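Everything below concerns the one structure shown next.
Labels for the chains are A, B and C, by order of writing; each one numbers its residues from 1.
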Amino acid sequence: MQVFLLRRSLGFLATLFAVSVIVFLVMNVLPGDPAVTILGIDSTEDARAALRAELGLDRPLWQRYGAWVWDAVRGDFGTSYFFRVPVSELIAERLPLTLPLAAFGMLATVTLGVTLGIIAAAQHGRPGDWAIMLLSQLGIAIPAFWLSILLVLLFAVKLRWLPPGGFPGWDDPVLALRSLILPTAALALVQSAVLARVTRSSALEVMRLDFVRTARATGLAPRRILGRHILPNALVPIVTIVGMQVAGVVTGTIVIENVFYLPGLGRLVFQSIANRDLFTVQALVVLFAAIVVTANFLVDIAYVLIDPRLKGRLA
Amino acid sequence: MIRASGITVRFGSHAALRDVSLQLDPGQRLGIVGESGSGKSMLGLTLMGMLPSSAKLDGQLHVDGQDMSTAADRQWRSLRARRVAMVFQEPASALNPLRRVGDTVMEPLRLHLRLDRKAAQQRMLELLDETGIQEPALKARQYPHELSGGQRQRVLIALALACDPALLIADEPTTALDAHVGLRITELLVRLARDRGMALVFISHDLAAVARTVDDVAVMYGGEVVERGPVAEVLRAPQHPYTQGLLAARPPLDAGQLRRRLPVVPGNVPAMADLPLGCRFAGRCHVELPRCAATRPSETSLSPGRSAACHHLPDPSI
Amino acid sequence: MIRRAPVNLWIGGALVAMMTAIALLSLVWTPYDHTLLDIPAKFAAPSAEHWLGTDQLGRDVVSLLMAASVNSLTVAFVAVGLGGAIGTLLGLAASAWGGWVEAIVMRLVDLGFAFPALLFAIMLAAAFGPSLSNAILAIAFINIPVFARVARGAANQIWTRDFVLAGQAAGMGRAALTRDHILPNIAAPIIVQATIEFAVAILAEAALSYLGLGAQPPMPSWGRMLSEAQTLMYLAPELAIYPGLCIILAVLGFGLLGDGLRDVTDPRLARTRA
């Protein structure tokens, strides 16, 4: 068990390291001179030299990489060239929007996806199953940003129940939550379509297993068998998908924030691309990738906690 | 305990059970033998109300004094909760792998007997002890994969006994186990049935195991009961050619061989769809008469509690 | 082995055939020139001349949608082809040589899953400026690990077959065996995966173009049409509907076709999914 945790942790760190190297290479080396990227090709050589000195770009590559990682580990992501403030400050400012949005999105995705999947499995072959499968087939094909536009058209433009976009800040929690309803719905409706399918087929697999028959033979009610015996066992493979969906939801927030004009990290990325704020983008990309890698790492660990058979095998 | 007559189970046009009748008194132990595919499990599931949804059941069925012929699932469920229980063939997969076995055994105690946590735990430990599990407190905290096959089967028996059923159905409970472990399990079943005054339906294709376990036996072939009677008499003087074949093909009774698959009566069980109109055994039978293929033999009483279904019954007087 | 073509195969196949036909047709004919501006005729309602009306610049919406379908299909084709080819080669190599080759490939595959297409496109856009070719590269990139995994899994099964073992005994090298025996036998799962990834790629291209990281003006694209329509939501909400429907039909078509192909080529899978 300890050996397993140690091995997985080392693998996790190695992946994080590789991710940082890739991001660094793609953004610093491939395009040639970052100073040109930031200032544009019509900039003067003097201005470029000044910028190189300011950003420490005149140092050798490995030193720049080392300094970047070392600073990042201590929470220093450098200074935004455009905003002239530390990137960590920019991130801290926007996290209170992006984090809750991602968390709500994930929560709604799992709740909706697992519930629909289990209902479909319980209704296997009957109209309920067909309806849910049809909806999820559609959900998989719908672009999240288009669904967002439709939701805005209906609930904001036509019915005027909810704001069409923007975020008023957390001073008034009710207003803040109201403005997150549509974005959360857009994130979750699409993501949960995949999860519903996986949950359904996983639950159908489990329903065939012998211990379900044992549970029936002890006179347990179908509802209890579904909730206490089938669902926990069906969850084991679902956990992997949920881990992968963290990636979907995280990148989903980037898209959704831009659809709803929400001032979060996703919006910051696009502003920074437009502003040619290279190192801010670099910090954000690493941050997003790290979240995805971490989610998958946690899923690996979660497996062992859920399934006692693995614990035995790893001991 | 059981009064069944004319039980027929169909999957579409093909019958897994045909016109089966069965009587079982409280505390009686009945064995069901027959080759694989002869309908033993279907009979067991019928008595539990757990036939697959694609199966269609006909006939009269009374279990524990209640008419279950057309019972709704609710009624079956309350019967399964308190009065009848079943143990299956594969102990390896019959327990929820994510649960400690103690919790599995406690579930019906808490739900059906409404015991509180402490009482349920107490009762669970007694049950594990009663089914011969060493160190019950320790085993109760383990997961199924940490137990041996025999221990798992004991846990499943403890689970089945949780609510003091009046009838236990055991469907090939020893088939997946080593011979000596299986032997211990059959001994356990006999002891439990005796001590608790519980009726037992013991399904097996192993004649030796049946002989050790039950008082009466029903021999099944092709979804029908072809012969029945006190187990000693049936084994000593089988009347139906199929039973005779089974006994002749029986392997020697030393322990190492007990697990071997029995049926080596020449030929195969016919697929039920293309079964002959007459005797189902026709075509494999060594005494087959001209009328056998055309007319179905009806069950003939040979002596009290003893009968067979065959056109060629040698001497009813023995 | 192929018994009865499932419904999803028929529907998917029909949708894909229709999309492809429309895209090909638009190369030689559209009702109007989709670049033709006719400002006075802007926001025209659907009529006999303009079946779905005109947009904010008076361009014919049907012509725009048709021209944009070429963009979607081309991007998907190039990206999936590129990523699929690289990924399949990596997977085949991992399966053929095993050992450290396999270890490295599988590490890379795990690493690839850390970068969703959007993140990769963002990196490229920041470094090189946003463009359609960067979007294609990003989509191709995420296809590499997917195909590497599928190809390795499928190839591993073929390596144990008699005819491969026979070839090995006859002294054929691993590269030759892979070319002659393994590759032809993993074609089915690769094609199935490619069809499904086609759907994913169309969705990704639409999202990237919507965000401004893909097709740049004046190139017609469903995603870009949506981002323009969004700003006009109060004026002409219907402009935000049509491109979305096109995306759904295309994605649904390739998705269903892929599922259907998998059902007929892998009956074992089909049963568990039924």
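Operating definition for what follows: a contact is a pair of C-beta atoms (placed from the backbone, for glycine too) under 8 Å apart; a residue touches a chain by one contact, two chains touch by 3 or more.
In this text, all values refer to a predicted model and were calculated from it rather than measured experimentally.
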| item | value |
| --- | --- |
| Identity of the chain that, by mean CA position, is farthest from subunit C | B |
| Chain pair with the greatest number of C-beta contact pairs | A-C |
| Geometric centre distance via CA averages, subunit C-subunit A, whole Å | 22 |
| Interchain centroid distance [CA atoms averaged], subunit B/subunit C, Å | 56 |
| Averaged-CA centre spacing for the pair subunit B and subunit A, given as whole angstrom | 53 |
| Residues of subunit C defined as touching subunit A within the complex | 107, 110-111, 113-119, 122-128, 130, 199, 203, 206-207, 210-213, 223, 226, 229-230, 233-234, 237, 240-241, 243-244, 247-248, 251-252, 255-256, 272-273 |
| Interface residues, subunit A side, partner subunit C - complex | 15, 18-19, 22-23, 26-27, 30-31, 37, 137-138, 140-146, 149-150, 152-153, 157, 164, 201, 204-205, 244, 247-248, 250-251, 254-255, 258-259, 269-270, 272-273, 276, 278, 281-282, 284-285, 288-289, 292-293, 296 |
| Complex interface listing, subunit A residues touching subunit B | 209-211, 213-221, 224, 228-229, 232-233, 236, 306-309, 312 |
| Subunit A contact footprint on subunit B (complex, rising order) | 48, 50, 77-82, 85-86, 88, 90, 93-98, 107-108, 111-112, 143, 145-146, 156, 159-160, 162-163 |
